[in-house]
């Protein structure tokens, strides 16, 4: 399964192991994100990640295919968790493989940067009984924008 | 072990699993390289990777520490195989973790780019009974050079 | 025509609504017109749906308010995304 | 003084030598002087060790030919590296 959007626990180690086994290509880059225990204001106890599942699945499929075409990937995978999570729980896993490391790295970073602003997930952080919705960071919008100047296919 | 230089088989899936388990940080980037079955001239059957082991260990330790300082990493690991290898065997595994993905990705790419030109390994490719030493690629020297303009600590 | 409308995150909370199934007159042909129609439900609705950061999707694709709506479509409203 | 000299890859093959332990006079104080000394062993040695792409290391750190050598040092000669 190239894209998997799930409210069940994901296992990045197992996902990486399977990806390597199926695609021992010259260059394989991965990214795994875990729930952080801090934000700009202090400690975070848990995270609720809301998701528009059907749309997320479609957006991530489009994104993987676009990355494959743009960077000449041999293979890719995107797995994203949603729902209630604790600190240090894995949220996201992305793997990209290519003939050369430059393309594998660029594709993996492109997927993460684009996913952050284009895939329908919304973070709500809880700390000490209080919760708040995370707002978009300027850095994320800027990172997304970097790729757009070359987005000839959009 | 932060750095491991070995002539025994390495297991990137197991290495990634252990790294995630020890360092479930907000952003974890990894790179795994496998022996390619082709080069600029055609098919490759096997690879001999010669290594100056004591120096490689020292260079990779210095490189990991420099990446940690430069990109504010929380953790890192570099594992490099040497000796006789077959097509699709894993050669190298690098993992970097940070509070934000930009730093994790940049550090992982910095380590790979620098390792290619600064760590004492030499590839000899075999195809159909003939062997030849791989020569340095211009792209690798250029990639290494990218980071040097900011190498204020060197 | 019949459409489904979904609301997420802050928008869902502000409207206290996750999902609606609406019967619309055939003259109501764009997302913008749908927003105006829903805005008649009260102040929370008119204010929330006119927020400059509001994103709208039709059949799981982000669209401009001028986008057309057809029978069977799924329309969604939500704030900027914060995944990853 | 006594030093160890190691050769790798193409250099090792051209010299048909992996490692040497050398007793040097105390006047032989730099990598450059060591290369000249080794070059006296024959054409393969003088040509290989004067190749412009040759890299030299002292105690596992890449150095310029002007680098000093001391008793107990480990000197190495090798071509540009191609790992990863």
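We just call them A, B, C and D in the order they show up, numbering each chain from 1.
In this section, contacts are C-beta pairs under 8 Å (C-beta built on N, C-alpha and C of every residue); 3 or more make two chains touch, one makes a residue touch a chain.
From a predicted model like this one, the values you see are computed outputs, not experimental measurements.
Undergrad: In the chain contact graph, what is the shortest path length, in steps, from subunit C to subunit D?
TA: Between subunit C and subunit D, the shortest chain-hopping route counts 3.
Undergrad: So how far apart, in whole Å, are subunit A and subunit C when each is placed at the average of its C-alpha atoms?
TA: Chain centroid spacing, subunit A to subunit C, equals 26 Å.
Undergrad: Averaged over CA atoms, how far is the centre of subunit A from the centre of subunit D? Could you give it in whole Å?
TA: Chain centroid spacing, subunit A to subunit D, equals 49 Å.
Undergrad: Taking each chain's centre as the mean position of its Cα atoms, how many Å separate subunit A from subunit B?
TA: 23
Undergrad: Can you list the subunit D residues in contact with two or more other chains?
TA: Where subunit D meets two or more other chains at a single residue, that happens at 84.
Undergrad: Can you pull out the residues of subunit B that are in contact with at least two other chains?
TA: 33, 101, 112
Undergrad: Provide the full list of chain pairs in touch.
TA: Pairs satisfying the touch definition: A-B, A-C, B-D.
Undergrad: Which stretch or stretches of subunit A touch subunit B in the complex?
TA: It is residues 12-14, 16-18, 20-21, 24-36, 88-90, 99, 101-102, 104-105, 108-109, 112, 139, 143 of subunit A that touch subunit B.
Undergrad: Hey, which residues of subunit B end up touching subunit D in the complex?
TA: Residues in contact with subunit D: 33, 49-52, 54-56, 58-59, 80, 91-92, 112, 115-124, 133-136.
Undergrad: Using the touch rule from the top, collect the residues of subunit D that touch subunit B in their complex.
TA: Listed in rising order, the residues are 6, 8-10, 12, 57, 60-62, 74, 76, 78-84.
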